[in-house]
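Structure below; questions to follow.
For clarity, chains are labelled A, B and C in written order, and residue numbers in each chain start from 1.
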């Protein structure tokens, strides 16, 4: 299996290389002159020239590309123009926050969405489709609610008006209760998207599985309905759910950018936005690369999990 | 999900967040489309007619009526400098809808062209195109849009381009998979045997079968684009004041959440309504598609 | 052999009467007036439309019909496996003196797998692909027989050997997709036998298999049934397959039995035109040389819109106008042999104008 893992990783190399190339080109494709854009339109010429020098934009393109790739592979994303810190350090300090809210949201969505979808499918298969229809519609509508808008609404209702949950403040890593309250609002908002997707796909998958012969076989051997649903059906329904969950992670990552900004969380998204607004392109570059790598990695992990779950599929 | 009855070569892949209004299953597909259109079209009309409507001027500031809640004079309230929220939402609708439909058109257009070429031409072309597509798809959607906007700068066309760039790869992939499926069907062989030139086969036979599924996703792309534009504008990266868009309207209200909740709330509801409408249209087309494809 | 002597169509007992009558006759399974309907958007279909029969302990009965005759639905109706939008709407099913129709789901689950077991048609899809064979076999035994995992596993090895699977220990650890079709079907039979059922419902167990393996599986099933004393209800479309397997046969058409009796009788003296059609379409290696295999023209009726009269009429070479207007009941034709046809019924005086279905 490690051999296949190596092989799969190798297949990703062109894509990863492409990603790095795209990010490299992004800045060099800026309309106009990158250096003056970053230094500011009103900066004196000397400052602009100095900026160009420090960014290495004077060197020939191939040389820039080569050093970019080698630096990136060593996780050297350069230094922030605004505060001079190595970008990789900025990422390191922000990463835990983003990972925390990202994973807690994902797990939270799963815990709610999977049972809901499974039960909805089960009831529908018995002819009692009301719950299923209701759930599907509700989930659909919820998914269309703009995340940042929902964040503001919840912020207003649960924090500003009622003081139930905090809206700002540091993350108390040592204090689980305080931490939980601090991330509760962002997690709720971030979970909505994955919850909708996972509930829908679980419901569809379970519904299809329940029509399969082996489910009928299990029932013919006297397996009680609860076991049929949770031990037999879900095992098979997990397959498409895992695939879609991997894709949903991408949406989740995108969501963290906005949510961190609204709830003043010191995560990668905040740094990215600040970087963009401050025209701090090494920061922007490093973070975009980081996000893309995380996404690629998660997709690889999803493939891996899939082969563990479905014995028919060889890695 | 649509995958149950459509033939394999025309199925819309599960990776797309397709709507599923099975609660309205009793209504026929075309009725769902009609409801969707009944939601979308009036909004479009109102948006276009905006300047001629007997409502307040969206730009007119009037500090004496600052931060007033919904009332008869101002049905959706006013903001800090006394501008009427309703007329600003209508003005913002123009921008947001324009972005939405432009993105959909560009994405579907590019998708059809490039996807068809990729699926129909040689393996080399296909591999090359799909490699590039894979690179773009390695980025989470919103993130790519943010990065593109960082590169292009703020502004309407920049936003349209940025969002389209994240949708085009998906459209290409979809179109390509449909074309690949159709390529092996007997009627293509029959056309070839009649010495029909390749491009003619493409245009007359292959592409028309792919139009309907692409319409389904076009509607989704539009809804998605409106949402992404709003997100970008909210972050200050997309469409910036003074030009109103639903996104920056919500941003304007962010600091007045407690004193003027209506400023942020109503634009968000507008986004929600148009999303529902567009998804209904998409779902209706998809419903019509299934029985059509079955025969 | 417990076979009804009265016309089943007129037989409507209360459950108590049925219970005592079946214990009198010693029947393992008694089915009366079973009706199963499917309530679909396009109409209500009576897939099983009034079926009655008895099955004694250890008896082997075949139910023969085309697809759409309702035979599979019937076997599933017996143990309540009909899923939405289908429902058993009438009739009673008595197993070992207890009514299955009245049971709750929990009670039924105790019976399914233990007193009655089913062997399904498609071995490819009847086993859960993500669970090992061992776990699928062991679970019912642990539940119904109270065995530990270890004990059940040992019994599973024995069962696999009994059904003729080599190297059973290894096969247990496999996943279903790693076994061949024939082996998978043997596993299904082993699972069916695992909790020592009194009745085995075999729903076209060989249809999805290679022709060469079909006879093997049927022979296996017969041997195992004789060894364990289990009764078998063998549902199939292939009359030739069950010729040496079953002791009695019922021919099913459009949800009803059209002929029913001991297999030798029915073969020697088929009373219903449909049965005759089925018999003459069996190729035979030994026996008389047949000029052409006779095919039964036409296709099964649309159960949503059954015309009045005999459902086989449109395809029947003997049909007359009487057949179009009246529905024949099952009438006696010989010892324990009944059939539902006006034209072949010697006691029926009425005829009618011929309808041109012959040839």
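Keep this in mind: a contact is a pair of C-beta atoms (placed from the backbone, for glycine too) under 8 Å apart; a residue touches a chain by one contact, two chains touch by 3 or more.
Remember, it's a predicted structure, so these values are computed and weren't measured experimentally.
Taken as a graph of touching chains, this assembly forms an open line, each chain in contact only with its neighbours along the path.
Distances between chain centres, each the mean of the C-alpha atoms, put C farthest from subunit A. In this assembly, the C-alpha centroid of subunit A lies 54 Å from the C-alpha centroid of subunit C. Subunit A and subunit B have Cα centroids separated by 21 Å. The residues of subunit A never reach two or more other chains; the list is empty. Taken in their complex, subunit A has these residues touching subunit B: 14-16, 18-19, 21-23, 26-27, 29-31, 132-134, 136-137, 140-141, 143-150, 152-153, 155-156, 160-161, 197, 200-201, 204, 208, 240, 243-244, 247, 249-251, 253-255, 257-258, 261-262, 272-273, 276-277, 284, 288, 291-292, 295-296. Note for the complex: subunit C touches subunit A at residues 76, 79, 81, 83-85, 105-106, 108-114, 117-118, 120-122, 125-131, 139-140, 143-144, 175, 177, 188, 191.
Within the complex, the subunit B residues that touch subunit A are 1, 4, 14-15, 17, 19-25, 131-132, 134-136, 138-143, 146-148, 150-153, 223, 227, 230-231, 234-237, 250, 253-254, 257-258, 261, 264-265, 267-268, 271-272, 275-276, 279.
Those residues of subunit A lying in contact with subunit C across their complex are 125-127, 212-214, 216-225, 232, 235-236, 309-312.
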